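Chain nomenclature is as follows: A, B, C and D, assigned in order of appearance, with residue numbering initiated at 1 for each chain independently.
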Amino acid sequence: MNAFGKLFRVTIIGESHGPAVGVIVDGVPPGLPLSADDFQEDIERRKGGMQKGTTPRKEDDFPLFQTGLFNGHCTGAPLTIMFENKNTRSGDYEKQRAVPRPGHADFVAHQKFGGFEDFRGGGHFSGRLTVGLVAAGVVAKKILSSLSIRATILEIGGVADVEAGLQKAIDAKDSIGGIVECRVEGLPIGWGEPFFDSVESVISHAVFAIPAVRGVEFGTGFRAAKMFGIEHNDAIEDQSGKTRTNHAGGVVGGITNGNELVFRIAIKPTSSTPKEQLTLNWETGEQETFSVKGRHDLCIALRVPVVLEAVTAIALADLMMQTRPNVKQ
Amino acid sequence: MNAFGKLFRVTIIGESHGPAVGVIVDGVPPGLPLSADDFQEDIERRKGGMQKGTTPRKEDDFPLFQTGLFNGHCTGAPLTIMFENKNTRSGDYEKQRAVPRPGHADFVAHQKFGGFEDFRGGGHFSGRLTVGLVAAGVVAKKILSSLSIRATILEIGGVADVEAGLQKAIDAKDSIGGIVECRVEGLPIGWGEPFFDSVESVISHAVFAIPAVRGVEFGTGFRAAKMFGIEHNDAIEDQSGKTRTNHAGGVVGGITNGNELVFRIAIKPTSSTPKEQLTLNWETGEQETFSVKGRHDLCIALRVPVVLEAVTAIALADLMMQTRPNVKQ
Amino acid sequence: MNAFGKLFRVTIIGESHGPAVGVIVDGVPPGLPLSADDFQEDIERRKGGMQKGTTPRKEDDFPLFQTGLFNGHCTGAPLTIMFENKNTRSGDYEKQRAVPRPGHADFVAHQKFGGFEDFRGGGHFSGRLTVGLVAAGVVAKKILSSLSIRATILEIGGVADVEAGLQKAIDAKDSIGGIVECRVEGLPIGWGEPFFDSVESVISHAVFAIPAVRGVEFGTGFRAAKMFGIEHNDAIEDQSGKTRTNHAGGVVGGITNGNELVFRIAIKPTSSTPKEQLTLNWETGEQETFSVKGRHDLCIALRVPVVLEAVTAIALADLMMQTRPNVKQ
Amino acid sequence: MNAFGKLFRVTIIGESHGPAVGVIVDGVPPGLPLSADDFQEDIERRKGGMQKGTTPRKEDDFPLFQTGLFNGHCTGAPLTIMFENKNTRSGDYEKQRAVPRPGHADFVAHQKFGGFEDFRGGGHFSGRLTVGLVAAGVVAKKILSSLSIRATILEIGGVADVEAGLQKAIDAKDSIGGIVECRVEGLPIGWGEPFFDSVESVISHAVFAIPAVRGVEFGTGFRAAKMFGIEHNDAIEDQSGKTRTNHAGGVVGGITNGNELVFRIAIKPTSSTPKEQLTLNWETGEQETFSVKGRHDLCIALRVPVVLEAVTAIALADLMMQTRPNVKQ
């Protein structure tokens, strides 16, 4: 399924070079005010067009509300937001088809979908579809207006100075990876469930929907594996659950504990690199060299923060809706 | 929900000091042979009773088949496996109740469940419930008999020499964390879906059901964030999809690519440490010192491999059942 | 799946002649008081042992709380209630195995589960499993304590005088069918969703989980097919939504409208009839006569009302939990 | 949720007077050939424009494939089919808003969605949305090409002669109800599950998504409630499971038994009748008379068969995909 959520359900649709991409959001509370303006900032952030290291492809994304919006408010019926695909150049793809791009889904898509996949520009696997995630994220953030959800780039190519990290890639004429951190303030105690629907389970499920994510860690994360118990445990300080330290990253036993939710994700280098690479030609059965033509992001991590905020908001909105008040309350 | 899976659905039940813990597995193929003997090895591995650094609590776990098994085969109806709780000492818990153990779910459980949680020994949050996960894993592994699923400890306390890592904890009179790696051989191409039901999404969802997991990474994982594209991309070598390197860890575009599935998880140090710690007494509203009495694992990571194999098998069994042959095939 | 519900999820388990049958209820609000006494009335009603026309099998059902209950209250963790199977006589089944009982699931179970089904006494298909439904219904009714949910027998064998209907069956030495009606008072406006999760969709889904149900109709039901619009439409009388008539049975557009919910189900005659019948011997491939030995209900409809209340309560509890307040409220 | 299905998942979207209505189908097998021509017959049947008693509104529905189709075949990615709304007249609705049409969802929608519902022409509750159901049904039927799924009108206004039934309505200047029957040939043994996911549960769930359905019955249905066991039981005749009679309607124990699936639904008279009716003005709090202006179906049952085939095919496609071969096979 191309969908996520039980009560706040997000389905992403479309292909890179089809008529449109988009998103259906079912479970939006009726009365939520919504307009195209609400989307502008996050859609701009996703484009990253102004930044060094991101592709200049001008997508001119404008949300087209097809269903679920009336008189400036969500109606409670499914909300459908489409984005037309313009500015696509399909011509080059057919002849390159039998030569799957390394790091891309071309080969597995061909196998899984038996050759019927739309292969133009990555088709349904294209990063283009994250515009739908971002749009759903805008809606989720409005529902979660009492929370602050903010993702930032921690490092590029192993360097905390992002400019310097990018320069490494530019110098190497290669793409490069990075780390993005997300922090959520304002969460109450009690979202999430023990075991299978833990906050970490639900968020990581959503996070790995972002192409190029290779890892996720909460709180101190992998560093916790090197720590002693006395170092890692967070001492609760008061009835609100606030802890002196926050090694847990805001989740204990799968449940939010009233502290800031903190997690990080690892983004691999953009698969499309200017470097010459080897791959298989599945028609000839021979390996051949491959080299990417055209515009591509040197560092896809630069465009990830807004997408990470989006999927985090989507996951949290669904968790919130599933959290019922207990009898005592 | 305390359940996972669409077609192979696992529900874990029970509390540490209730009558029993267990698991219900719905969607087991009829005819699968199953007996108590099948469980012995993995249940023993979970106990870890023989290893330095694991608790000597003798649980004597024996699977009681309540439903879904007949004449030595699964019937296709829900399979219920229970494990009696013996060897429990409940007396101490009531008086310590208002003093939540740091790193444990005591505080959040109290808040979320309004004071009605079974607080004895961690109740429903207890690591004791992983015996149900292990049991479901045994069933899943039998279904996936063509795969090899193997988890091993990579390091303890930052040291690849596991004995040495444990000794650090023993010397420090403290608990310690570790890293566990899982490798799956034999996967065909094509399991998983783009975006929300990616292999990484589904596996990480299951993996964070294991208490104490703080991070998960696939293939090169967090190291990918420091790499160039030319380093990370795996060159496809032949029609089977085999790649020269396996930085992707067996998943591209959310889909298995025919290579070994490789991922690692970070395990925090056991929350119960012999060290004296600070916590809140929620009745007095004051912080007070807390120190764990009794038997506890110094390094819970030692007991994780079999649980990690189990949730991996559970996730893969569900993915397999959801994967339909395409029209062409 | 042998489960129902998104937020209030009920899984039924067991076989007629296995160790036990039971139910797991996930999503019970923490703090709900619960004891064995709460179950007594409905379990007695289900047995129907005192009534003419119901089997005298003494099941002596006593709810065994395995998980999720602590100090007399539900904890919020999964609630597991088991009922031991006593008083079973398994000996006769093996030799009759190849002769499927007409009207029972013996033949389809054998085909679907490839011969691995537990065939003793209907196995997992047995009406015995409705004790688990009734138990879950007890919990659901307690959650829905502001509602009155009441099912009654409308007619037996086409006769409103139930005694007379039963006498027809006794005279004919045959089993007989009946109609059961369920009425729910106290529902607010707004439960249910347009189209796929309409109240009728969700309730009928649950209702057909009851063995022997052959039809369901809401409000005037099938009689509506003979009516004119002016006859069927219910005029709204006041702001509470109360209508002068209630042909709709309390649901319009899939949504509760504030009036009494009314629906009826048709129950076929008990498949086990004392009459001699033809069936196939699947070993010989020949048809042969078959005649039921032993104790059986002449009219299973007599035992249905409490089960119908149960599945109705289960469906409504899940609908309630899915209904979110709108922004305006 | 406005969605149905686990592996073949259908989401319907849109409002009567919004830009478009449509459907998203996730889980379509890649390689399924599909073109606009495939939809023409069923879309025409749904319009019913040529029949006496159906509205002449010319909708000119043409399927717009937005996603999931490439080179004439489904790709395996979500299939999105939209239908533009033309020929709508929105002007009249605002001033009539506080006067809910009897039998329609106007009042409950207003309450449930807090006044934010799109109220023009029934909005999301409009029968207009069944065009999306029909479109998904076309896809489902193509997947189930080995089955014959056929719905026909059994009676109108209680009369088997449909023309005569319609004439009753025309003479009475009123709308009228009817009964529609669906028959499915070619089903194998073994689809469906015991209890909650019985064939009847799943089909009735889908069937009640059709507006105006008030009841559903399988096989002999409500007539079974008047029968003796010896009359109702179907004798199995041969190893294929074929029975001499088919009172069960092709389902025993919730599982298909290899015989024809037969069920009927009751359709209430069209809510919009030319007759003057009473309703509430929720602004004044007074009852007032109401009379429908404009074009409307006298008998919505006439348009139901193709929609019933569609939801039946949708339900069966999902059941088929959930049915796994057993180990023995």
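Here is the rule we go by: contacts are C-beta pairs under 8 Å (C-beta built on N, C-alpha and C of every residue); 3 or more make two chains touch, one makes a residue touch a chain.
Because the structure is predicted, anything quoted here is derived from the model rather than measured.
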Of all other chains, the one whose Cα centre sits farthest from subunit B: D
Chain pair showing more contacts of the two, B-C and C-D: C-D
Computed distance of Cα centres, subunit D from subunit C, in Å: 25
Inter-centroid spacing, subunit C versus subunit B (mean Cα positions, whole Å): 37
Subunit D, residues touching no fewer than two other chains: 1-3, 12, 30-31, 76-77, 112-116, 124, 194, 326-328
Complex contacts: residues of subunit D adjacent to subunit B: 6-7, 29-32, 76-77, 194, 321-322, 324, 326-328
Subunit A residues touching subunit B - in the complex, by the definition given at the top: 1-4, 10, 12, 100, 102-105, 107-109, 111-116, 124-125, 129, 155, 157-158, 169, 172, 174-179, 189-190, 193-198, 200-202, 204-209, 211, 213-239, 241, 244, 247-249, 252-257, 266-273, 275, 277-280, 282, 285, 287, 301, 326-329
Subunit B-touching residues of subunit C, taken from the complex the two chains share: 1-3, 9, 11-15, 18-22, 24, 26-27, 30-31, 65-68, 70-71, 73-78, 80, 82, 112-118, 123-124
